[in-house]
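Structures given as structure tokens follow.
Paired with chain B in one complex and with chain C in the other, chain A is shared by the two complexes that follow.
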Partner chain A sequence: MTEAEIRQVISDALVYAAVPLFAESAEQADFVAGQRDVRLDEFEIDSLATMELCIAIELNLGVEIVPGDLTKIATLGDIVALAQGRVNVEAGQ
Partner chain B sequence: MLRTSGTTGAMNIVPLSAAQLCVQADRNREYDGGRLFRPASIEHNNSKRHRLYCAALGGTNVFRPQGAFDTIAYCRQMRVTTLDLALMQAVDLAARARGEALAGTDIRVSGSAVPYAVRRQIELNLSRRLFVRYGSTESGTVSIAGPGEHDAFESVGYGVEGIALQVVDAADQPMPPGQVGHIRMRGEGIARSYLDGAEQTARRFRDGWYWPGDMGSLAADGRLTIHGRADDMINLNGVNIFPAEIEGVLEAHPAVEAAAALPLGSAVHGQIPVAAVELQSGGVATERELVAYAREHLALRAPRRIIILDRLPRNDQGKILRREIAKLFPNPRSKS
Partner chain C sequence: MNLLDLYNARIADANSLNEVSQMHIVFANSLTPTEILFLHGNLFAGSKHKAPKLSPLCRFTLPQLQEAGRLWIDQHRAMLAEIGKPRIELYRRYELHDAVVLFSTDRKTPRRNLVISLTGANQRLMMPISGYLQNFDGKTTDILYVRDSSRQGYRGGIPKLADDMVEIGPALTELIDLTPYRQIVTVGVSAGGLPGLVMALRLGLDATLVCGGSSPERGQFDETGGPKLAGRLREWRQASLHTRVVVGYGAQDDKDESAAADIAHCVAGAEVERIALDGVEVKHNFIYKLSATGLLPAFMSDRLGLTDEDRAGG
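Showing the complex of A and B:
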């Protein structure tokens, strides 16, 4: 799983959870391309959206993330790093 | 001794005495003097029991001929008065027949919840004398919805005489009309235990009641509607979701022929709802489109992932094998 794929999973989950500011923004493409980070508070990512993020990461990446893991996290880039770190641990890298 | 497995995989042996079987037979009086045809093999215990009922009541059992045959022509030729079909057979036959092809014949359908659209098609294309039956190996027939009792409630009718039927909550308290809970029943003719498997006996035969493991609701007038198997219920972070509600939405999509929803186990969320669909011939849809469509209609209760299969795996009775589908989801860490 590449970083771009992980970014796509996270972007899809936010669109799915209907986070309107994110779904309609130009930042969506920039985030997937790795050219921009996104602050969670900036896009009003609420607890339901956070749950959808965790579900999407678990279903698509096979990595369990509890919503509590995300309380210390400020940006989507941090989530990418967290997911990527765990995917790599799983893969024994 | 009847073996029952259902779709859960565990096999149980149900001991029923001749007296109990006779009580069960009496709840199917229409076999008396009639001619019963069931295309299903007598190896199926449901088929075996109903043929025994028919014999006990003095009716005639019609057996399937060798090789391929036309069900409608054969029923006419053999003067069949009751045609008993599994849901899948009924759907197939009603789709091919036209203009009450078996007018006057009783059509009995059992085995699973029967959607209203399927009932309408049977009434129009096969016979208006449609009976939708709810029952089990352990209990025999428990309720029947007869002609004039088919509507959007998709009910299985009123309980038969001699069986007390209740819908209760998690604390075993009867629930108000319309609310969904666990079905339980008691009465003569119902098995008291399994011959093997003390654990299953303790689960299914408790406090003097038989608990079939189905979720249902009773209307104010006493009609029962089945909502699904308790074991199939999906619990996503405390939200209870029935596969049938997801399946109903997906099957309303113009490209979808059939759908099956199921949980994937999750240490974090309890269970995550997912689904598999079979497309109509010529139907076009992507997994992404279907996920978005389901989300629009089901919100929090939507399946988070949908896979498209050439055919949904079924047993030879037409029941969808959800456990087989669960194995097809690619994530190695999802447990079901």
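Showing the complex of A and C:
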């Protein structure tokens, strides 16, 4: 699983959760392209959207991140790094 | 099967805490205020709740499940309390279709008012359905909950009900007899805002409340080469001038403010309402903010004309 694929999973999850203003935004496009990071407080990501994000990560990446893991996370890039780390552990890398 | 048995049965299929969350999300889109109250008093409450059997493959412990379950139900109970009513509304659930549920205290005796409610993200009305119901008066008002079951913002209509957003309203009249109701209105939140507006105008209903709705200029309901929604709204408005149209937006949401202006530009006489609260940032989800401050029942009743004039003898 590449970093680009993880970015796409996270982006799709936030669109699926209908986080206001995220879909079709410049921030979304730049994040997926790996050209910029996005602070979580730039968007209204409520507790339900956080649950949806964690569910999507588990379904698509096969690693478990729960909402409690994200309480000290500041950016989407941090979530990518967390997910990538767990994917690597699962893969024994 | 009672609710605790249903909860336990679902838990038996869950292998991770995220799967438990999925189950909680589904419950939150279905449970009535009385069911929330029941679960709050019983879920993982000592001898009242026989602990569920966990799947042999599950990756969480019973204490972790209990913590997640209690947190979930405590949040729902707190949401109901924030509304500040002295009683719990006694709505019951009547499934009319995969995507359409009637909430009524007594289906055999329709109430005076019917609020047709169209969802936004996660098939929600900007809050769990129990919280939404608690903001209405079950003695006077039935709620028809119309889910965006395809999660496409009602584009393409509703599977197995209507092939087009515009046809949802007429299709609903095949599911429920509207004639007993004195006041029939729609509430559309977020992606459900424009479909709720269209339904109210097409069916000539009494009122509609658009909450953080999209701009008709975005074109998500425009077909290539076909008529634009903005133009069709103007036509439908001319045929339904009596429909009260209220378009609300959160005071700190510039995009929704702009969309509200676009809607009003297409719908003559629409009332655009900026929702502001002292010391509270009000963005897209303004009805939850009003609910959490106990202001939503009066707001809904006033904007939608949900009076009790029959019982009052008016």
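Going forward, the second predicted complex is superposed on the first by the 92 of 93 C-alpha atoms of A that agree within 3 Å, B and C clash if a C-alpha of one lies under 4 Å from a C-alpha of the other, contacts with A are read in each partner's own complex, and residues count from 1 in each chain.
Assume a contact is a pair of C-beta atoms (placed from the backbone, for glycine too) under 8 Å apart; a residue touches a chain by one contact, two chains touch by 3 or more.
Being a predicted model, the structure only gives us computed values, none of them experimental.
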| item | value |
| --- | --- |
| Contacts of A:A4 with chain B and chain C, given as first, second, both or neither | neither |
| Partner chain in contact with A:P20 - chain B first, chain C second, else both or neither | second |
| Which superposed partner A:V89 touches (first chain B, second chain C, both, neither) | neither |
| Which superposed partner A:V66 touches (first chain B, second chain C, both, neither) | both |
| Contacts of A:A33 with chain B and chain C, given as first, second, both or neither | neither |
| Chain B versus chain C as contact partner of A:E58, first or second or both or neither | both |
| Partner chain(s) touched by A:E44 [first = chain B, second = chain C, both, neither] | second |
| Intersection of chain A interface sets (partners chain B, chain C) | 16, 48, 51-52, 54-55, 58, 64, 66 |
| List of chain A residues in touch with chain B within their complex | 16, 48, 51-52, 54-56, 58-60, 62-66, 90 |
| Chain A-facing residues of chain C, complex | 16-19, 21-22, 24-25, 59, 120-122, 124, 151, 190-191, 212, 253, 255, 283-285 |
| Residues of chain B defined as touching chain A within the complex | 237, 264, 266-269, 272, 274, 291-292, 295, 300, 304-305, 331-334 |
| Chain A - residues contacting chain C, complex | 16-21, 44, 46, 48-49, 51-52, 54-55, 58, 64, 66-67 |
